[in-house]
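The first chain written gets the first letter, and so on, giving A, B, C, D, E and F; residue counts start at 1 in each chain.
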Amino acid sequence: MTRTNGRSQDEMRPAQITRNYTKNALGSVLMEAGDTIVLCTASSDDRVPFHLRGKNQGWITGEYSMLPGSTQIRSSREAARGRQGGRTLEIQRLIGRSLRSCVALDQLGERTITIDCDVLQADGGTRCASITGGYVALVDAINQLIKRGDITTNPVLHQVAAVSVGIVNDAICLDIDYSEDQFAQTDMNFVMTDHGEIVEVQGTAEGKVFTLDQLNEMANVARSGVFQLTELQKQALST
Amino acid sequence: MTRTNGRSQDEMRPAQITRNYTKNALGSVLMEAGDTIVLCTASSDDRVPFHLRGKNQGWITGEYSMLPGSTQIRSSREAARGRQGGRTLEIQRLIGRSLRSCVALDQLGERTITIDCDVLQADGGTRCASITGGYVALVDAINQLIKRGDITTNPVLHQVAAVSVGIVNDAICLDIDYSEDQFAQTDMNFVMTDHGEIVEVQGTAEGKVFTLDQLNEMANVARSGVFQLTELQKQALST
Amino acid sequence: MTRTNGRSQDEMRPAQITRNYTKNALGSVLMEAGDTIVLCTASSDDRVPFHLRGKNQGWITGEYSMLPGSTQIRSSREAARGRQGGRTLEIQRLIGRSLRSCVALDQLGERTITIDCDVLQADGGTRCASITGGYVALVDAINQLIKRGDITTNPVLHQVAAVSVGIVNDAICLDIDYSEDQFAQTDMNFVMTDHGEIVEVQGTAEGKVFTLDQLNEMANVARSGVFQLTELQKQALST
Amino acid sequence: MTRTNGRSQDEMRPAQITRNYTKNALGSVLMEAGDTIVLCTASSDDRVPFHLRGKNQGWITGEYSMLPGSTQIRSSREAARGRQGGRTLEIQRLIGRSLRSCVALDQLGERTITIDCDVLQADGGTRCASITGGYVALVDAINQLIKRGDITTNPVLHQVAAVSVGIVNDAICLDIDYSEDQFAQTDMNFVMTDHGEIVEVQGTAEGKVFTLDQLNEMANVARSGVFQLTELQKQALST
Amino acid sequence: MTRTNGRSQDEMRPAQITRNYTKNALGSVLMEAGDTIVLCTASSDDRVPFHLRGKNQGWITGEYSMLPGSTQIRSSREAARGRQGGRTLEIQRLIGRSLRSCVALDQLGERTITIDCDVLQADGGTRCASITGGYVALVDAINQLIKRGDITTNPVLHQVAAVSVGIVNDAICLDIDYSEDQFAQTDMNFVMTDHGEIVEVQGTAEGKVFTLDQLNEMANVARSGVFQLTELQKQALST
Amino acid sequence: MTRTNGRSQDEMRPAQITRNYTKNALGSVLMEAGDTIVLCTASSDDRVPFHLRGKNQGWITGEYSMLPGSTQIRSSREAARGRQGGRTLEIQRLIGRSLRSCVALDQLGERTITIDCDVLQADGGTRCASITGGYVALVDAINQLIKRGDITTNPVLHQVAAVSVGIVNDAICLDIDYSEDQFAQTDMNFVMTDHGEIVEVQGTAEGKVFTLDQLNEMANVARSGVFQLTELQKQALST
């Protein structure tokens, strides 16, 4: 089967990682996955959440936003409405958990690293692009902190990247874009390490329930996609 | 292996469903799963969300809250803080999607059914209990609407129930309670139909990543648990 | 005169107090007054309001909410709207003042006891039921604190209970329910001690003004009702 | 007994009502009661609350605020904090109910009259001054609407005014000021008509409970105070 | 050219400054400029903003509000809406900057003086009246603090006052009122010292752009107006 | 005099305008002024503000935000705090007024064009860059609407651009960057047309007041800067 966008079922969109995209944050990465573009910046702050104070432990958190002009129909600005929506909060909790999973928080010192993921252009898979790009911004920030002498041991445990898999017209399709997402029966997001282990799974059968076999198959396809992304991360970080 | 609570790995907590627990809502169900107690009520309203107006289609939504006194350390009241937290929004979005999946919305008429899930006592698995009990409250509400002549064809497609599975000390455990949840490496929630198909999967490796094989195994254990719950729903609804 | 509900003018609805209704809070009471059902829980916290810090004095506060499904027409959830309404704030201020009146705050230690009153089913008189049941939850919490050694002297000064009195069709009726409340000319709430002294009076002539003689008469009828409730509290606490 | 302020127990503070204090609102009254000064303005708007639309019925509502500089220790501005406090909401609900009681809403036409009560200087009894002054502003606004031909029949049923009574050192004192209020055992507010009938009673035994006899006595003293205020209203409106 | 209000182009409205208008705040000034009336009160607090703590430096801030009844069409109450609007925030930032410019903050001690400007009646130029009157309230408050011994050296550097200039029908008009403001092509506000130097300029060509020559001319006319106001301030403060 | 950044007093930073930077909005411009980078997108919506409905008139509005990672010390996200700050509201009101001034709103049809200005990297002058870039995004959006046939006559009246001028060490400096802004005595923003006429002036003497002559001189220097920017706009729009 060929998809409406001409890709084969297990084919990723072309992705690109640009480091040092802006200059003020400790880490700044422009993550592109097809037409989805997310600016991921990492900043460090000496304060930690209340329940961690005095425990010599760090924290990593994520924040997410879609710029109003990133979508075809303008998305209203959450700051103007006065509250972040449920989808936003759900996504930024996912980003935070995913990125915390790859760092030894007790080797980070008493500081919080915040990964801000602001979507400049949306074409599906923005939460996955945020995690994949956010990982690189996080590593850049940690390396800066090591360079400054603020951290002594590198606390990064493994890489983490994310990809979505959808079931469209009963076919399992990797890395679906917005045009496919609108008609997908199921939309799953897999967050995995560079060893192919699972950090997070989130899946919704919006149109039609799916079987355990399909879950299995989707996980396998996702793993092949994640491996391409972790490879890309490695290349980006080695230059 | 035996668990700290004496259960075997694939053993559910005793569950109980009490219908017509309160009298004012169309459906009112007290769902008990071990020491977790959730009051699920279903109410109907003639308005639908803006984007559905005039399309002769209904809507189902969920709201969730933990009563302040439901936890050992009092949970602060979200109404007093002035906003619902991210966890709450995430859970009520899950409840809404899960319950919408089992109803033909185009046979519901232009109305919204709201399922309110208020946790009276929390001991782990509150979102799963909300879905399992919420399904029964939803069916009761729909039956009332049919009785009143507001709905002509029964729009319910299949049953839906939910259960959590955790990895505790590297062992996969069904229906974990709060004492296990605190030490779980992984906490997954499976929402499934009475045919064992998947509606939603949500899983987080909070402490330690897991493999695709483990995902598979967890899904299988979950299915056995869901079957017990859908059986319980059937019994409750037949009396 | 007989009322629409068959009661005589000075007849209370059957009331029931169930202690230890849930297990996590220090005190947990299900208060039933006719078809009105309120879950009252009491929790303790080591912090006191800013202006009391360092004065070795405690504080008691109340919070109130109606579950959305507690009413025939669903009440919208205040946490979702982002603010507590005026009626809610008015009621929880009343609960707090009433329960503070019966405790020597300087013998409570530097802690706050919060009484959460969540209405599971509403049929009129919910604020009164909250106070009457809240008193029992408060006493249970204080007894737990004494047992733990956190409080040395019992700080409870007297009992407190509340009842509403209405003027319906020019007749003074004790403990009016929702069907009467809708047509009442006057709705008064009396909070009194077990010695028949007044802690709070709140009354509104919504439909028709009333005389000082009627105020007097209402107070007398209220006292007879409060005595039945304080008797019920005594029985509940003695078992 | 003489009070700290030299007044006898049943002596009111000197009060003054200045009409047309500002020029833009339909009614504008400066109400002075001793050192308490409240600016009461009445404005009319063609919209009514949702539940009254199309019923050819009007509505009257009150809003209340203390200017930050009205108190010795500056009161923080509620607009800056982002929410009105419980005390404010409680007071403005009282103002609204009190003023609605003296108007036949079905003769007001489909419009809302809002009475804004902004405290310029606070010295106790601000809610009572708001009601007493608000009544005059309301009458002025209604007369303007009659003059314009917007209302045909005068809908005012009776006058309404309010006064506080406190128990200070076991003595019942009329119209207590701030210095007395701080040490009062009981603080009651009586809203009454010019015929001495009761519209609202609100009383709190903040320090010490009180008897039914004392309630009676306070009501009688309040009535004598209210009569002085309704007389003052009559004079002000006749010039 | 004569204006609709009969004034010549460079003619100010009659202005009046009444000190000690209310008694609780440290400084309290009723500022009248034509029919615009603003109550300016100054209060002192021992706390300073976070970034100034421990630097032995003071702070001056302004808050602004229009009473709902101050305008012909009632202005909705910002506290009830739950947020201050953009215009309000813009104005109170202007008031704060203007008044900070005339005080040596390092001689004020670690305290914040808040100038509250509440508009009782609005007829154009309310932000300018707030600054002009606010200056006098500020000086009164500082003098009180000096008298109490809280400040040793007088920190006031110079006077500050403000006036608006508009272009109406291509004519430059000083101190425009509301009826002119509605049709003005340009509305500029000049904040100046008693030496005619500029503290703030804010101007908007709402209807028609203007030239640099016109900017110059407006500044000159404004200066003549400001001199009249600073003279009035001197007189008010000398009595 | 040479500035710390090596520029002469009347020298602008290198500026660059990139059109069609993202693909979903009608207009999308990346505006760079030195190290300040703002993404300006223009979107169109068929609704207009309430007071313009049915008048066959359009509206233009601006929204502004700094991405959290755009500054050296992370700026907290306004959506997470739940309200836009005063500075943000002040700036977006300025953007809206400036861009409305160059369009005949009655030829726009009943629609709102929103210009979103999101700062990707901040180095001073972000509000000016927002206006200069926003103008180009606005023109692109209008041209799209003309192309679609939604607008028949081109409603653009003139170009608009903005530049800041500061007084640093008593020297007037054009287009100051963040390092200069921190020490500037005065910071003024001039919004002008391509004919050198003034649309908006905003200036604050944060450290030291300034004279009318200096105001004049700053306006002249600003005009030379604006001409360079309007030239750049012309070039960008002609390709």
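As a convention for this text, a contact is a pair of C-beta atoms (placed from the backbone, for glycine too) under 8 Å apart; a residue touches a chain by one contact, two chains touch by 3 or more.
It should be emphasised that the depicted structure is a prediction, and the values quoted were computed from it without experimental measurement.
Considering every other chain in turn, the ones in contact with both chain B and chain F prove to be A. With respect to chain E, maximal separation of chain centres occurs for B (centres as means of Cα atoms). Overlaying the C-alpha trace of chain D on that of chain F calls for a turn of 120°, given as a multiple of 5. Look at where the CA atoms of chain A average out and do the same for chain F: the two points lie 32 Å apart.
Averaged C-alpha coordinates put the centre of chain A at 50 Å from the centre of chain C. Shared contact sites, meaning residues of chain C that touch two or more other chains, fall at 82-83. Order of chains round the ring, counted from chain A and going first to chain F: A, F, E, D, C, B. Listing the residues of chain B that touch chain C in their complex gives 22-25, 28, 35, 37, 39, 41-43, 45, 63, 65, 67-74, 77-80, 82-84, 88, 114, 116, 118, 120-122. Listed in rising order, the residues of chain A touching chain B in the complex are 83, 85-87, 89-90, 92-93, 97, 101, 158, 188, 193, 195-206, 209-212, 214-216, 219-220, 223.
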